[in-house]
Structure formats: structure tokens, C-alpha cells
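Common to both upcoming complexes is chain A, partnered first by chain B, then by chain C.
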Partner chain A sequence: MAYYFGLLQTIGIHTLLGLSAYILLLTGQLSLAQVGFFAIGAYVSGILTVIFEYHIVPGLFAGALAGGFFAFLVGFPALRIKGLMLVVATIAFSEIVRLFFFNLNWRVMVNGVEVGPDSTQGFREIRFYAANGWDTLDVVLFIWLFVILIMAMLWWLDRVRAGATLRAVGADELAAQSSGVNIVAVKVAAMTFGGVIAGLAGGLYAHSATYVDHLTFSVLLATFAVAYPILGGLSSVFGTLIAVIFIQGVLIEGMRFLGDWRNIFFGLLIIVAMNFRPAGLLDGNVVAQILRIVGRGKGSDGERHA
Partner chain B sequence: MAIDFIDVVQAIIDGLLFGSTYALIGLGFTLIFGAMHKLNLAYAASAIAGAYVGLAVILMSGLPIVLTFVLGPVAGGFIGFGVYITCFRYMPATNMLAPLMASIGALFFIDEIIIHATAGSPLAFPAVMDDVFLEVGEYGFRGDLIFVLVTSLIAMLVLLYVLFGTRLGLATRAVSQQVVAAELCGIASHRTNATTFAITGVLGGLAGCMAAAAVGVISPLLTVPITVKGLIVTVIGGLGSIPGAIVAGFAVGGFENLFLLLFGVNQRDIYVFLLLFVFLVFRPNGLFGKAINRD
Partner chain C sequence: MLELDDLCKHFDGIRAVDGLSLKIERGEVFGLIGPNGSGKSTTVNLICGVFPATRGTVTLAGRNLGGLPPHRRLNAGISRTFQNIRLFGELTVWQNLWIARRDAPSEETGFMKNWFGSSARIREAIDETLEFAGLAGRANDLAQNLAFGEQRRLELARAVSARPQLILLDEPAAGMNREEVEDLKQRILTLKNSGITVLLVEHVMELVMGVTDRIAVLNFGKRIALGTPGEIQGNDAVREAYLGSPDVDIAEGSRHA
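Moving on, here comes the complex of A and B:
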């Protein structure tokens, strides 16, 4: 059972990470900086709960704010560029963050034990859950509380004017601008919100892994973060969730029996999936069909993002 | 340790020589971007894979070791063509994300194939002329790096000839300017794009061989750093700009080695990335990029 709880934690955290990239993808921006915000959230909340002995809730909150703050800062210079330049700039940002934590050494004595980030050795002592008697089920529920909260917020966002504005910028910047949308404000807002979600996910990750080091926050994880929403499709928040369950649950955990070959299949499956479903597994048509089956579909917005 | 002026100049010389491989990788990214306005993230992986295939054929057949530098690029060309067919050929033209994601899949796939074939351990790669050491005054030039530089320069000249001196190059440039107009003139755009991918693949295979020869070993761990450095070169040079990629490749190589000397191996890349940000803020179109860069 502990194994499945562990898997549920991973799926929850990766869903949050994917959603942080999803909101930016809605505005048409592909950012590989999410892993940078994730790392910032992980280290900030870890440092707060370990070195300053905060409770986890303010720790996570601070981690999320730190992620959002840096996303806000990155948002402005990144707006001078777009598309592929942004991809490169955000890779560079994530790598700078990773190398910063790679070089960060801040060991402190807390209650007679030396704790804190130890540069190349990583940050090992993030044991809030164990120290406060939370069992694995509590942790799973705690993580999924945030996942449901964020998903509900994004789902609601798609049903109000703000969501339409985001998608308008994504569909055609020039047209959105001529309709009076302030695209700079929209992009910075999306970037900041994405940074908050990634920071939150990072804090949750640090506490359920109890150990973080710079290797975790690689370009590979950054590509996973954007892979979830792209594979899942941008028509609905559930696309990201489905992609995470598909990748983490089916491909990575379900195919362990394939051993070494699993990783080879993984790349191949991404190629096949993109060739056959270029707009994602859960694209506009599928969403429209599901809504029709459920009985409240309008059937007209099916081609929205196909 | 006090850092002398000589050390600084020597570091920059070594870096400039090694930078020629970055220039080749940057050229590949920039050519594909110029042709299709899409990013092929599997490019550096196929470059390394080309070098691997070249090395494997040589090791298995017992041919002269220098032929690695011929077979590697040939294999790179085939891999580049394969990436085009699997990740770009059948994608909707307006969808930017799907081919990008597919090329990431190809990156994973190629990397994992290499890891599977070599059991994850790095292989020694033959260096050419590594017993030569040229001394000019107080400065030295490593023979293997001179070989890398000269070969890269020849490759660049050949590429420039192909692009600006042949009908194929004319077709490539026409497709990159305006696909529809090029097709109306009777140019088969898919075939031209496939050729562009094959040519950049050859270039990549050569760059992969050069980088591995200069480092002395070849390992799948090289792919991500080379991808990132190649992208940085492309952006600093200006997306789609050929002279930009060449100049930026040498510049990034030189600066990288200078930062290595000044800040050590752990912090070197931080300063390379900061250099990139300086360019993004002050010259967002790169050194030679066009002012209007719609993508």
C-alpha cells in the first residue's frame, strides 16, 4: 500500500508541476523555467521548515510566493522575446537556479544537529512529516488537497473572462492586442501564477522526498513539466492530469518489467503520440464529445484547439 | 592563485579552438530553424549518435581510425533524415508544440538507445594529432584542437558553398523565405526540408566527432550540455543567421574557457548563462538577427 501512496504523491506533485506549465502554454508561451521555480520552492520551504523550524503550511506558502516572485522577475525580460527564444532563455534560467543550489552551502546547528543545504551533497534533513507524526496517507491527502484546489481554480478560470483572455493571447497575440488586451500584463500574470504553482509543487516535493539535490532539477524535469500539458492537450485541465497518470503511472511504474527497454519505449511513445494526436490526448474534439455524452455539450467549440 | 595575462590569453585560445564545435552545432540549429521555423531539440543527440555509430563501425570493422570522421557525419546525416520523418514531416504546419515535443521524444529515444548499447559507460574516442603541440611565442596551440578547428572551417566553407552556390542551396533558401511561393515555383518543400535535415545531420555528426575527439571520450552525458550550448550559440548569433552562429560559436567557446579559468568548473556555466541573458536583454535579436523576427 505504501508503494501506491508513494505513486499518488508523485502523480500529485507532477500534476501541479504540469499545471504550472499549462497556464503559460494557454498564452502560447513554452517555458522550461518551471523547474527553476520548482527548485526555488523546494529549497525555500525546506530551509524554512528545517533551519527556522516553521510549520509546513507557512513554509509551503513562502516557497510558492518565492516561486511566484522569481517568475514575475523572469517574466519581464522574457517578454521581450517569444517562442523559441523564450525556450532557450528559460532553459538558461533553470540551469542558473540549479547551479546556484549546486554551489549553495548553508549548514547550521539546529537542536544539536547540523542541517541545511550542503552544496554537492544536497539538502538531506527535510523531515517535517516524520517529525510531526504524519503518516503516508496524511501526506497523500495533504498533497491532493492542493492538487484539487489548483485544478478547481484553473477549471474555474476557463469559465470566466480571465481564461478567455489567456487563450486569446495564445491563439493570436496581434488580434488580442487589437481587441484591447494588455498582452504584457496577461503574460506576466500567467508567468507569476505558474511560478506560484511550481513553487508550491517544489515545497511539497521537498517534504515528501525528505531530500533534494541539484540533480533533481535538471533540464529533463523541465521537459517533463511541459510534456504533461502538451501530451495531455490544452483544452482542459484534466488533460494534464491524464498525461501525468499515463506517464508516471502507466509508462514509468507500469512498465518496470521491461527494465532497460522502458526508457527507450518512452521516447518512442512520445513521438508516436505527437504524430497521431498533435493537439494532445485530450484535444478539443474529445472534450466536446465527452461533454455531449454528459449531456451539456454545446458541440460548437470542438475545434477550438484542434 | 594569481591569474596571469598569459593564462587568460591561453584559455581564450583553447576556448576559441574548441568553440568551432559549438559553431557547427549552432549552425545546425539555425539552419533547421531558418528552413522550418521550428526547433529540433534532438539535433545534438543525433550529432552524438552519429559519432557513436562512426566509432562503432570502425571498432567492429578494423578500418583506419581516421575514417571515424567520415562515417560519423554520414551516420549523422541518416539520423537527421530519420528525425525529420518521425518528428516533423507529418505534423501540422501551424502547430509549434507537437514537433518540438516529438523532437524531445526523439532526444530521449536516441539517448536511451546509446545508453542501452554501451551499458551507460563512456567510450574512449580517438583524437587526431594529439601529439602535436604548436608553440607561438609564449602561447601554445594543442594539435587536436587545431585539427578540430581546421576541419570545422572546411565544413563551414563547404556548407556555405552548398547554400549559396548550388541549386539545392537556392531551393533551401527559397523554402525558408516563403514556403508557398517556393512551391509555386516548383520546389518540393518536403524534399528540400528533408535534405536540409540530412545536411545539418552531416554537420552534426562531424561536430559530435569533433567534440568527442577534443574531450577524448564520448558519453551520452554530452548530449544535454551540447544541446544547451548549441541553443545559446543560436540565440546569441541570432535565430536563422549563419554568420551569427559561426561567430557566436567561437565567442561562447572562448568565454566559456575564460570563465572556467576565472570561476572554476562549478560556476563556469552560470556565467555563460548570464552572458546569454545580457544578450537577451540588450540584443534580443542576437548579433546578426533580423530586426523583425516573427516566429
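Moving on, here comes the complex of A and C:
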């Protein structure tokens, strides 16, 4: 059972990380900086709960704000460039963050024990859950509370003008500008919101793992963050969740019995999936069908008007 | 209303627009015609702020628009359509209008309401605009699934949805058949009657001659003629520039050009 609870935690955290890239992909931007914001959230919330002995809720809150703050700062210069240059610039940002934490040494005595980030040795004492008697199920429920909250927010966003505007910028920047959309403001807002979600995910990750070091926050994780929404499809917020379940649940955990062959099948299955479903596992047609089945299809009036 | 003064745009030494001065009066339908490459679309892009002018000014109702980016020019009262259709394909027809919709500050209750709320009044106004464009039945269809003629009308409806003082139509009749052009003519006259000034860039002469109050003719980025449709049709310099010969009738010849 503990194994499945562990998997559920991973799926929840990776869904949040994927959603932080999803919101930016809606505006047509591919960012590999999400892992940088994830790392900032992990360290900030870890430092607050370990060194300053905060409760985890304000700790996570501060981690999310820190992620959002840096996303806002990175947003202005980064979003003036596009496409491959943006990819390179955001990788560079994530690497700067990773190397900063690689070198961060901040050891202090708390209740007679030396704790805190220990540069190359990582940050090992993030034990809020154990110290406060939370069992694994509590942690799973806690994480999924945030996943559901963020997914509900993004689902709702698609039904208001702000969400339609994000997609308009992604569809055609010139047409959006000519329709009165300040595309720099929209992109920076999406980047900031994405940074908040990534920072939150990082904080949850740090406390689940109890241990973080710079290696966790590699370019590979940044690639996963954008792969989830791309594989899942951008038509609906549920695509990202389904892609995380597919990759983490089916491809990574479900194929463990294959041993070393797993890595080969992993890549192969993603290629196959993208070939059969080029617009994502959950593309626009599937979403429309599901909406029809539950009786709120695109034909019904209230849905798109509200 | 709109005043262009000595407007210039040079691309790497090519003078796309070269010292253009124009004055468009409030409430008129003003035609801008000229051969391909004469600078018409560049002029539209300069008025909308897609790129900065090399020299000269664009003034709307006494306000110099120099340096304003496109979205702020829309807020100032200028909206446009595109020569090659540029809709938000994966959004519904209704959402396309919703994004462009602009209301006076006094009518809106603020940032939150504007971006995250909805008001019955705005919904009604958008439905009215759809009605005007003959798209009322297609409100919930994705823009990319519309037929060509409907997409053209949606471009127009989206520009109208911004409630502009001045609307720039960049070859709105391109690819249209005779009935569709007639239909578009009626819609442009409806806009005029509702007090909107129209700048029409067009190759389809039966539309230009049938709907405009005045016409300016561009060639090599310069204005070579200005006058009523009747005066322009009789202008030898225009025929020469347009068709290479002063003996061809503009209204007939260029439809097949």
C-alpha cells in the first residue's frame, strides 16, 4: 500500500509541475524554467519549515510566492524572445538556480541538531510530516487537495475571458494585439502564475522526499514538465493529469519488470503515442465528446457563454 | 478624424510608404487603392502600430499615436481586419468577439469583472455584433471550422466588437464571389450609418466604387490621386499606374487582374 501512496504523491506533484508549464504553453511559450521555480519552491519552503520551524502551510505558501516572484522577474526579459531562443534562455535560468543551490551552504543548530542546505550534500532534514505525525495517507490527501484546487482554478480560467485571452495569444500574437490584448502583460501573468504552481509543487516535493539536492532539478525534469502537457494535449486541463498517469504510472512504474529495457520502451511508447494522437492524448475532439456525454457540449448555450 | 502627415516607411532602402499625407473625415468611407506593392498594407500596419514609422505622424481625433503599440491603438479607437484571415481558430466564434470587446471605463466595474466576470450587457452586445455579421447561429462553433465567407465575416465582426471609431478593412473582399461582395457592401454601409469611419483597402473595384465617399490612389508609396469615385475613374494617371494603359476602364479591368 505504501508503494501506491508513494506513486500517488509522485503523480500529484508531477501533475502540478506539468500544469505550471501548461498555462505557459497556452500562450504559445515553451519554457524549461519551470524546474528552476520548482527548485526555488522546494528550498524556500524547506528552509522555512526546517530552519525557522514554520508550519508547512505558510511554508508552501512562501515557496509558491517565491516561485511566482522569480517567474515574474524572468518573464520580462525572457518573453521578449521566442521559440528556440526562449528554450535556451529558460534552460540557462534553471541551471543558474540549480548551481546556486549546489553552492548554498546554510547550516544552523535547531533543537540541538545541525540542519539546513549543505551545498553538495543536499538538504536532508525536511521532516515536517514525520515530526508532526502525518502518515502517508495524510500526505497523499494533502498533496491532492492542492492538485484539485489548482486544476479547478485552471478549469474555471478556461471559462472566463482571461483564459480565452491566453489561448488567443497562443493562437496568433498579431491578431491578439490587434484585438487589444497586451501580449507582454498576458505572457508575464501566465509566467508568474506558472511560477506559483511550480513553486508550490517544489515545496510539496521537498516535504514528500524529505531530501533534495541539486541533481533533482536537472534539465531532464524540466523536459518532463513540458512533456506532460504536450503529450496530454492543451485542450483541457485533464490532459496533463492523464499524461502524468500514463508516464509515471504506466511507463515508469508499470514497466519496472522490464529492467534496463524499460528506458528503450519508454521512449518508443512516447513516440507511438504522439504518432497516434498528435494533438495530445486528450485532444479537442475527445474533450468535446466527453462534454457532450455529460450533457454540457459545445452546443449548449451556457457553457461557452458564461 | 484620422490624419497622416508625411508618413514614411523604409525597409532596407525600399520606400514602401514615401511621404504619405491624408486626412480622413469622421463618418466617411475612405478607399485606399493602388497596384500590388504600392504600400497599402504597409499604410494599414503603420496606422495600427504593427511597426514604427520611419518618419511622419499618425493622428487620431487630435491625438498623436506615435509610439503606441497595437493594443493601445485599439483602445484609442482603431480596429482592423487582416488581408490573410487571422482568427483565433481553436476558440469559438463567440470567444473571438469576446476577446476584442472593449467597453468604456465607466461601463465596466474594473479589472476583475473585465477578465474574470461576465455581464449580461456584454453578452447581449456580442450577440448583436454576431447578428450584424450574420453569424448568430454559429456562436459556439470553433472559428477554424467556419467556411471561408463566414471567416471573413468573423474578421469583420471581431473588429466591430472592439467598438472602434475607425475601422481598417484590409482587402475584405479578397476571394469573395459577387453576392458576397454585395453582402459586404451592405455591411460596410451599416457601419457607416452607425457612425463608424471606415478605411477600405481593396482591389475589388465594384466594392470600392460602390461604397466609398472618397478614394486615394497609391503608387510606389506615394499618393498619385485623391477624389470621389467618379473623379478617380476618370483619372488618366490612375489608369496608367493601375493597368499600364490609360485606355482601360478601372471598374471592369481590375476585377480580373
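The rule is short, and it goes like this: the second predicted complex is superposed on the first by the 298 of 306 C-alpha atoms of A that agree within 3 Å, B and C clash if a C-alpha of one lies under 4 Å from a C-alpha of the other, contacts with A are read in each partner's own complex, and residues count from 1 in each chain.
Everything below uses one rule, namely that a residue touches a chain if its C-beta (ideal position, glycine included) is under 8 Å from a C-beta of that chain, and two chains touch if they have at least 3 such contacts.
These figures come from a predicted structure and were not determined experimentally.
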item: Touching partner for A:182 - first (chain B), second (chain C), both, neither; value: second
item: Chain A: partner with more touched residues, chain B or chain C; value: B
item: Partner chain(s) touched by A:2 [first = chain B, second = chain C, both, neither]; value: neither
item: Which superposed partner A:113 touches (first chain B, second chain C, both, neither); value: neither
item: Touched partner set for A:270, first chain B, second chain C, both or neither; value: first
item: Partner chain(s) touched by A:294 [first = chain B, second = chain C, both, neither]; value: neither
item: Contacting residues of chain A [partner chain C, same complex]; value: 160-162, 164-165, 167-168, 171-172, 174-183, 235, 284, 298-299, 301, 303-306
item: Chain C residues within the chain A interface of the complex; value: 48, 50, 69-72, 74-75, 79-80, 82, 86-92, 94-96, 98-100, 102, 114-118, 123, 139-142, 158, 162
item: List of chain A residues in touch with chain B within their complex; value: 25, 30, 77-78, 80-85, 87-89, 91-93, 95-96, 99-100, 102-103, 218-220, 223, 226-227, 230-231, 260-261, 263-264, 266-271, 273-275, 278-279
item: Residue ranges of chain B touching chain A (in the complex, touch as defined); value: 33, 39, 86-87, 90-92, 95-102, 104-113, 115-116, 224, 227-228, 231-232, 234-235, 239, 266-267, 269-270, 273-274, 276-277, 280-281, 284, 295
